[in-house]
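Chain lettering (A, B, C and D) follows the sequence in which the chains are written, and residue indices restart at 1 in each chain.
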Amino acid sequence: MQLSNSMTYSSSEEMMFGTARKPVVTKRGLKIGGGYVIPEIVPHPRPGSEKSMKTLLREFERANGDALERCVIVGHPCIVVENEHVFQITHNPGWGGEIAAQTARQMDEYLERYGLKAAYRSTIADLRKPDMVNMRDSDYTREVLESFNECAKYADIVSIESMGGKEIFDYSIIRNDIAGLLFSQAVLGGRDMEWLWTQIVEIAKKNGCIAGGDTDCAQANTAMFMAGGFISKDIPHTLAALSRAISAGRTLVAYECGATGPGKDCAYENPIIKSITGVPISTEGKTSACAHSDLCGNVIAAVCDLWSNEAVEYHNMFGATSPAVFTEILGYDAAAMNASIELGYQKEFQACLVTSDRYRGPHGFMLCPDNAWIIGKAVVDNNESLYARARAAAMKCGDLMLGDSQLKLTAFEKESLQSYMKDMESLPDKEEDFIDMCLKKYNKVKGFNPASYGL
Amino acid sequence: MQLSNSMTYSSSEEMMFGTARKPVVTKRGLKIGGGYVIPEIVPHPRPGSEKSMKTLLREFERANGDALERCVIVGHPCIVVENEHVFQITHNPGWGGEIAAQTARQMDEYLERYGLKAAYRSTIADLRKPDMVNMRDSDYTREVLESFNECAKYADIVSIESMGGKEIFDYSIIRNDIAGLLFSQAVLGGRDMEWLWTQIVEIAKKNGCIAGGDTDCAQANTAMFMAGGFISKDIPHTLAALSRAISAGRTLVAYECGATGPGKDCAYENPIIKSITGVPISTEGKTSACAHSDLCGNVIAAVCDLWSNEAVEYHNMFGATSPAVFTEILGYDAAAMNASIELGYQKEFQACLVTSDRYRGPHGFMLCPDNAWIIGKAVVDNNESLYARARAAAMKCGDLMLGDSQLKLTAFEKESLQSYMKDMESLPDKEEDFIDMCLKKYNKVKGFNPASYGL
Amino acid sequence: MEYPTDTSNIFTRFDINIEVARQEARKVSDDVLLQKVANCVVEGDDEEIEDVVKEAMKTKSPMEVINEGLIPGMNEVSRLWDEGVYFLPQVIVSSDTMIAGISLCEEKMGKPVEKKAKVVTHTAEGDIHDIGQVIVNALLNASGFEVINLGADVPVDEVVEACKIHKPIMVTGTALMTTTMTAFPKIAAKLKQLNLIIPFVCGGGAVSEEYVTSFDLGIWGKEASQAPGMAEDALNKASWTEMRAKWNG
Amino acid sequence: MEYPTDTSNIFTRFDINIEVARQEARKVSDDVLLQKVANCVVEGDDEEIEDVVKEAMKTKSPMEVINEGLIPGMNEVSRLWDEGVYFLPQVIVSSDTMIAGISLCEEKMGKPVEKKAKVVTHTAEGDIHDIGQVIVNALLNASGFEVINLGADVPVDEVVEACKIHKPIMVTGTALMTTTMTAFPKIAAKLKQLNLIIPFVCGGGAVSEEYVTSFDLGIWGKEASQAPGMAEDALNKASWTEMRAKWNG
């Protein structure tokens, strides 16, 4: 695998929602990143429906059907529906395939009857919890790969939220241990993704399906949610921002293995990914408050191609069922962005999204297109190793945060950041040396098995 | 009561979200219409919680508290919380007062502890169903007025969705009977509002509370929901648009009686009201998909001062409880608008909202600021009577729809509209004559009692 | 300001995509007078209908006017509605017209025509959202059923009582609030207790299929337009379980 | 591009509004060596701790080092965390440091110090979201409880079995998915059946107060930071009903 060595965009000025340098086209002719923002709705099954394939099929028939119907009701021209597997689906690889097949039939029908353009993404659950199984050789590993095989037959896009490095991450994140984040996210996560995505891309190709992409949900999002809002004291927001910067080099591996996007919605690192690769990305922000809270609800839309709600449990609301409700909202969000494109006001509209959150907190700040691009540049300029590029990205991110006086930090957040920066400076330059150091340092962490990563 | 005879805004170009000519200030110093858009969250109690005052207090303590807390978590600077009474609350007038008092205490605490500026709106349920009670003299009537008295002691703002004319409206709307809409909404509704709002304004004044405003929810929204989306065949969208134009002159009566705004969220006629009166308005659109669906999800925000979700039932979602989730979304919507104001891009931002829906359907079209202003002008230029101004507004609305070739109508919608226009032309010019005609025409409608309206 | 002429990436006018070609009503009678009666119904012309029916009754029996003019006219209306050509108000106005015509015939006969069967309709206790019910009433009327209209905000016992008295083939309930729909299972339980095994069709915004199919007798009504078809099934002695299997699931 | 300098109408930095003034840890001992031990804990210095504890043990007994150096140091950390000065990682690192110090003392004594009591913790069957549990474990450890850590994705019976064997004063469960939290009432029921009346604190994103208080033994945990206080209550023989009344409601 060749580590990326150049930026697709030569400046962040060129990056805009709705357009990606390398758009992709789905089975029913939907072009993602082809000039317009498309909503991506993610319904989640109710508890109890995971009992059998039959109950799941019925649940998704309704949930996905409600989303399609709502597009026709309010006039949203196109939609991507994502179903994220719950444990039981991936554990029974045939189930995901059946659900995908059923949804494909629904989409064909809506295309024929109304002219609605829809596409389907299957996201396989990564069952491999690193402290419990051998990542490369376990029943769970086989089920995950088998699920990709089954779903790729019918889905337009396949994705996963992979788990490599999670055991070390969990240990480190609550210990202010920035070296641990670099090791878990970049070194371990990156290696696991290379192993996994080489196979996923193969499977997708064989089935004429699009290999969408991955997300560092397991790590960078855990950090972001722990940092939380303005009254949480779990971890500093500045640490979460560094974890996000680190995640870019990790998530990038999917594309280096041949994935083409659209990237996964919950990968908040996607603006960085887009600046490097030019693939279309899905993002989620304010309209995913149904699934989690964040401090970058608008800015994260600045360069999106798909706009998602992350996940909403199926239930009745006054206006309709929840997937219909969130489809309507996402579609209107997209309509306003697309109107700005038609009017030639997209730059102004983007500036409003950015200004909403640029100084709301570290995450909103570092994910602004200009900063995302700069962090991306640090990634490609330091492509000696997974480790080197992650460390460079994190340090660049830290420099940016410390260097902008409009970004207010509490004394505590700032001191923490300064100490992470010092820690990073003192780390070895070479990946081999860093790995040696970490294998020693973390050898007693419960369940850490270097062989899972070929180490 | 003096019928309005001039426009506050001399052109729609001057109308912008966040700013009203006549802003109002709430108890904790929140200025509504004073330059920035403020979210208005409306939580709805779960079934079962209406059993007793105790269970309702607990329900609203949580729901309203979750909304306030979420503002602090994500950094939304201010919020209006509205509670719409369910039947049981208004039926027991003390309950609404207790709920308002409890919420006021919560808001004081958030102001003191965090500096969050919040305000509270009590919306009394209009229990008077015209075909079942005498509107001016019934136990329900007394309970409604008593509820205003109780709530005005603690609430910042009081409102109602009044019911006058509903019996004739329901009869007419399913019979393509435009005369019936004029009679029920303008003549009966307007008279009922004058009777009611004179008293509400008095009560509010006495208690240092703001008399917010009314909405033609009972009629124009019923028409809008029946017209529905693109696959409903209940009534033509063009008829719903006429009903909306008619509603402007009716809802206006509250302000003519001394209400000062902010207007009620579900009054989609509010852009017209604002153009005439200059009062701040609340509107709801895409982010109220939890409560209903409409075809003007973005454009309806174009000149809003408060931005609302209409109503969301209290329940847990993955990210938080529903009031917290919708507070977060509304606040981010507002943040983007407010960012546009700070950047000087508000015109461009507004143009995107308008373009999103201008030609999506008749409702989106007529509520664009330019068209809303023109309809408002028809209202004030024809102020001989409640009837005359409503008819003029409807005919102007019809002319606008027929006159813009970019607004596509199905053949059926268009022919229907042409026939409503013919019907309206043939109606008497004088209100007295029109009333005579209608009293005869509708005298057999079940439950219609002219004395309820002083006729 | 100029608005973009290509809006296809902002919204799609699906209503125009699926616009149904206009259709004329079919001819229902070779008799000129009866066809005139039918035309009045099809066009919902409640002013003309009086003259036209009176004219027809000069040469035809009232029952002929009903069975070969008024009702076939209304059937055409139903067909056009089913096919998406007609909108609701046209159906209602046609139904008003037909009923006015029938009244004239009944006057002449000196006795009312027999209705197909009785249906009890109501909106739940505490709920005044009755537009859905109003539509259901009109459509049932138009299809020849006798509607026992209990109105809005109807206490549980009143619904049960009406069923005891009228022995309808079907009872319907409308509720738009989660706090009022809880009346439905109570009604169903009381009906069962009294051994009044009547299909109970419940609809309205708040009411979900899941909820209604969670209690015996309950059948979920999605659209008011289903009401006549359901009543026909009940008339044909379909049980509530059969009806639920057909209309829900 | 220029960004507006006044952003107060776009967002409010409430974290800065409520920023807590920095506070130094209080002095815990007049003895220089013991204070040094405490300082190491307060600063979470897990490299220094070894030398400092060894140094102290030259003149003090291991129990003195624990009770007058390590534990008072950790108490200061808890206080700073309660007052919003310290963040979670500082607590965890201090706790690691304290535990390292205690290990040295135990080595010297030749036997482990007694813990306050046992607490069983787990993450629900089918659920691998265990970060919440990891935090709970660390905080309980830091407060001197012995944590029986069953890990993530733990079958119902395994939790019950652990309670049978260890007889903990409290058991905790974490679940972040609506599809996995259903294990909690099952565990509670089985514990009751076996007459193991142990307060069962359940937390995690999916889990609501309402849900947990709907079954016996259940007490809802909102924040991991409540876990030590709850364990203290259980240690003081508060019943699950008393604990529920205090922490929930």
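By our rule, contacts are C-beta pairs under 8 Å (C-beta built on N, C-alpha and C of every residue); 3 or more make two chains touch, one makes a residue touch a chain.
Fair warning: this is a prediction, and the values are worked out from it, not measured in the lab.
Simply put, of A-C and A-D, more C-beta pairs touch at A-D.
Note on chain placement: the centre of chain A and the centre of chain C lie 50 Å apart, centres being C-alpha means. Between chain A and chain B, the centres computed from C-alpha atoms are 40 Å apart.
Distance from the chain C centre to the chain D centre is 64 Å, each centre being the mean of its Cα atoms.
With centres defined as mean CA coordinates, chain D is found 31 Å away from chain A. Shared interface positions of chain B, i.e. residues touching 2 or more other chains, are given as 72-75, 230-231, 313, 318, 335, 338-339, 342-343, 351, 355-357, 360. Within chain D, contacts with two or more other chains are made by residues 4, 7, 10-11, 13-14, 18.
Taken chain by chain, the contacts fit none of the simple shapes, being neither an open path, a ring, a star, nor a full set of pairwise contacts. Pairs of chains meeting the touch criterion are A-B, A-C, A-D, B-C, B-D.
Listing the residues of chain B that touch chain C in their complex gives 45-48, 50, 86-87, 129, 132, 170, 173-176, 222, 226, 230-231, 233-236, 239, 313, 351, 355-360, 370, 406, 408, 410-412, 416.
Interface residues of chain B facing chain A in the complex, by the touch rule stated above, are 44, 70, 72-75, 228-232, 285-295, 297-298, 311-313, 315, 317-320, 324-326, 328-329, 332-333, 335-340, 342-343, 345, 348-349, 351-357, 360-361. Of all the residues in chain C, the ones that touch chain A in their complex are 4, 6-14, 17-18, 205-206, 208. Within the complex, the chain B residues that touch chain D are 35-36, 72-77, 113-116, 316, 318, 335, 338-339, 341-343. Remark: chain C residues 1, 3-5, 7, 10-11, 13-16, 18-19, 22, 81, 84-90, 92-93, 96, 126, 128, 130-131, 134-135, 138, 152-153, 177-179, 181-182 touch chain B in the complex.
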